[in-house]
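Shared between the two complexes below is chain A, which pairs with chain B and chain C, respectively.
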Partner chain A sequence: MSNFSVGFREEAHIRILDLKGELDAHTVSELEAALQKCREDKNHHIIVNGAHLQYISSAGLGVFMAYIEEMREAGGDIKIAGLQANVFNIFDLLGFPLLFDIVEAEEEAIRKFDADRNEKNES
Partner chain B sequence: MKEALSPGRPPVANHFANRILQSRQGYIDAALRNRGQRVAFIVAALICFFLSVAFNVVEWLSGAPWHAAIDFAYQTVVISGFVLAWFLLSYFLKRRPVSPLKTLWTTLLLALLSAAVIRLMIGITTAENVEGDAALLGFEYDTGVPLTFATVVKMHAITSLRALLAFYLLLRFQDLVLFKRTKQSQRNWYLMLISMGVFSLLAILKDPAEDPGIVQFVGVTLVVILMLLNAFRVSWIVFLSFRAKAAGVGFSILLILLLFASLAPNGILPAHFMYIRHASYPLDQFTLAALTFGLLYCVTSFLFLIFHLPTTGDFRRKAGEITAMYSLTNLVNKAFDPDKLHLAITKTPVDTGTAQMAWLAIADERSGSLRPQVVATWKTPTEDIETMVDMAALYEELAARREPVVLDEGHADRRIRKKPGDPIGTILMTPLITRDRLLGGLFVAKDVVQGFEEDDVESISVYAAQAAIALDNARLFEEQLERERLSRELDIAREVQQRLLPHDLPKMEGLAVAASSIPAYEVGGDYYDFLELDEARLAFIVADVSGKGTSAAFYMAELQGIFRSTTRMAPSPTDFLEQANLALSSTLERHVFVSVIYGVIDVRKGELTLARAGHCPAILISREGAGRLIRPQGLGLGLDRGGRFRDVLEEEHIPLQPGDTVTVYTDGVVESRNSEGTEYGYERLLEAVKTHRKKEAAALHEALLADLHDYLGRTEYDDDMTLVVLKWDGTQNHTKRSAT
Partner chain C sequence: MPESAHSLSIPSAAQHLGKVRRFVEKHAREARLGEEAIAHIKMAVDEACANIIEHAYDDARQKISVLVRVDSERFTVCIRDRGRSFHPESWSKPNLFRIAESRRGGGLGVQIMRSLMDQVEYSTQGDTNEVRLTKFRCGQPGRNGGKTV
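Now for the complex of A and B:
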């Protein structure tokens, strides 16, 4: 019985994944499937909302690593928002904030995506 | 004896039959088993025979019949002789049981032989040309006294021949009648023998010329009823092969003709009973009854043989199927080679003649698809199956219905491809189900339409159930083997991995070290190691490969190689970690990374240099209890494969005070959860280190593990767990120097 789930939301052109529960080696395939679906849908602008994420293991972190490069190459990004303190600490220990946009609120991530797009349009 | 009673039969007769039955087998058989007694029996029988001959010789010489009393004695002697002969013959025949067919032809042969001999003897008599009808036979018409010595000899020879033939017939046919015997049938048989005997004895001292009385009439009726009862015990016929049945028909018809011809008054042995009747009237009656029974039995056998001839094939096939099914059950216990088992399962329906071709499809569980794999075929090449039928569609139906399916009209079914000269007319597909799981399907086919009857479907489904169990067992056995093999492999892997961890802890002046690593599974992704760079400096590493189990273990091994080879060349923590990141980046999968904490302790200077690649912070506690987490910035190995790793990596230099303790560990320690799901956490670990800070390194290490176990309430872990404690006491030498 998995106590992890991924919810999908659309905000303009951005796909928002709501993570809930504990993301570990047993549940990691669900997040993988979700990101796989984004890739198939050619949706490269992704916000992972971790407000209800209670735990993440190293295997869970690995999934972000597996997809980030591809998303960025396609002009998109994976931004992580709303992490709880203990979960953020796990991201932080590994240095994820140096590699990922990890922000406090989902709106901030959306704003950042918009800003990126405006920048691109201007250039 | 009560259970022996049966309605409609006089209890006395029942009782008598059972007694005879038991006593006969008991006393006489036991007696005959003794060689001396056997000889005595033979001698006694011969004496009886010669006595009776002598009696008749005297009668012939005197030319007058004996007095009734002496005649009675004579009859007693003759009958005793033949009773003895009966038991002797019974004993010898019982020791050599023969097949039903042999019974028929030996009886036929003996009957033929005796008829020939008797015919010859009667012929000789006729040649002597004695006057008168009775005289023609050689007896005085009124008194029945033999007229010549030849008559005496013939009389006894013919009697013996006929009686022995009758005995042989009864004793041999007894095995046929009692084939698959029941208590009831056994009793009927012995009742018949006894009533025949009693009926015959009634004739003692009776004149054959007299009209039979009411007693004799009742006796005859009883004997005939019992004969009829026994004559229908012919179940041995069912088990004969077609050829044996055909031969049986031939033998029985010849025997019928021969017996009928010899028993008929105007047959091939004219008036031969007269000789027997003159020798012994009861014996004549018995012989007549026995041979009549033989005739009757041959008639019923003949009829049943004829009726069973056409169904022989079906019966043999059914029997063959049953045998095959049993042989499969045997195979199950032996053959665990899947290919052999598949072939054995596929062959049987064809070999037993139920079908003309067969194939076995097994669902590949690993691929998870419904599409089955044809694993064995018989009487059709494997490549042809797919061209002949749409296996996927057929299997889909089978999987949906989960019961035997007959496709009667092969030509009309679009899943069976129409092709001129296509050999498939009917397909019977049977699911192989055990423990509610569909393992596959057994497909049998015939070239004619509507080729399978209900009983075929039934027997194939019973067979398929057996086959499914066999397959399941073989699979379980294979899985068990595989599990054992894997477990052995993992044991080896664990040993190898344990050898990658340091055997001996470093011993440096002023520095005490304690370390342990426990994988969650057989092998894990945690690693710790030490290397003495020189007399004063010790490099230590604690690392955690993301994920668990085998893949993590391989990267751990790689990291060990990097540590052992690179440390001396790049002793500074940042240099080492950069080298390690470069080396690992080429091999790590994208989603795998390694967190590492790497430090160098200079025991002379009392200095700790530490860098952290995404790992849990080190805990530094002073003797006084001041503690902090050392957490310089750094990315995990493999997270960035370019220059950013180096750019963000920081190194921390920390002067040590004597009594300072450095604790490094993997996340398995802080992330371990108790039964309520709460993590052990950094705070608790920090507190525990503080509490036990004054202990020696080994004791402190032990105390920390004990604290963790207390918290968890168990000693097994969900994650790999590594804990290293380094305690620097400083040397007097060094403290002095640092003081100056």
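Now for the complex of A and C:
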């Protein structure tokens, strides 16, 4: 039985994915399906909330890397929020903060998306 | 601390990775390792087994054996398979930006093992491949001191 799940929420133009449980090579297909759904819905502004993500392996990290360029090219982003310390340490160890916008709280990620949007509207 | 050894055998399928993580966590806790060391060992072992499942074997009925050895100096996990061998000399450190540009995930497992463990050693004897992951208990090479042999 899988002990990983992805929940969907909407916040204005942003799709929020709530990850829960252990994300490994077995459960990663659920995250891939969730991002595939975002792509099909043409929703490229994504926040991954990892507050209830207990574990991530390279399989899970690889999925974020597979989608990040596509989301940014479409004018969006994948922002990662709320990671537990042990999970953040793995992202940090591999240098993910250089490639991804990783913030402490979901609200901060929302503010950043809003700021990006306002900047685009002004320019 | 008395020496001890524990073994587990799993089929070559990702659905068994959680079982492997719980197995090594149990014995790392019994060995009274710290929380960070336990988390590192679990993840490194997960990556080693996932690599075997993805790259060494084609058949989920084939077996992966996981052997934990504990003594006063180190906590060692040997992971064995009889599939295609990994050649560490062909490995180079992955570049995150290039992986992202290619829009393909993957290629981070060995880097994770090296970063989290004090030693990562590969060997092949006959038809059996072994990756040996070692975490020293104390006063030994620490995080990022991992060597791949």
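Rule of thumb we're sticking to: the second predicted complex is superposed on the first by the 123 of 123 C-alpha atoms of A that agree within 3 Å, B and C clash if a C-alpha of one lies under 4 Å from a C-alpha of the other, contacts with A are read in each partner's own complex, and residues count from 1 in each chain.
One rule holds in what follows: contacts are C-beta pairs under 8 Å (C-beta built on N, C-alpha and C of every residue); 3 or more make two chains touch, one makes a residue touch a chain.
The model shown is predicted, which means the values in this text are computed figures rather than measured ones.
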item	value
First (chain B), second (chain C), both or neither touched by A:His26	second
Touched partner set for A:Ala51, first chain B, second chain C, both or neither	neither
Comparison of chain B and chain C by chain A residues contacted	C
Touched partner set for A:Asn3, first chain B, second chain C, both or neither	second
Shared contact residues on chain A - chain B and chain C	25, 57-59, 61-63, 65-66, 69, 86, 90, 93-96, 98-99
For the chain A and chain B complex, residues of the former touching the latter	25, 57-59, 61-63, 65-66, 69, 86, 90, 93-96, 98-99
Complex contacts: residues of chain A adjacent to chain C	3, 22, 24-26, 55, 57-59, 61-70, 86, 89-90, 93-96, 98-99
Chain A-facing residues of chain B, complex	544, 546-548, 590-593, 595, 613-617, 631, 633-636, 638-640, 644, 648, 667, 671, 679, 719
Chain C residues within the chain A interface of the complex	14-15, 17-18, 21, 35, 39, 42-43, 46-47, 50, 53-54, 96-97, 99-101, 103-109, 111-112, 115-116
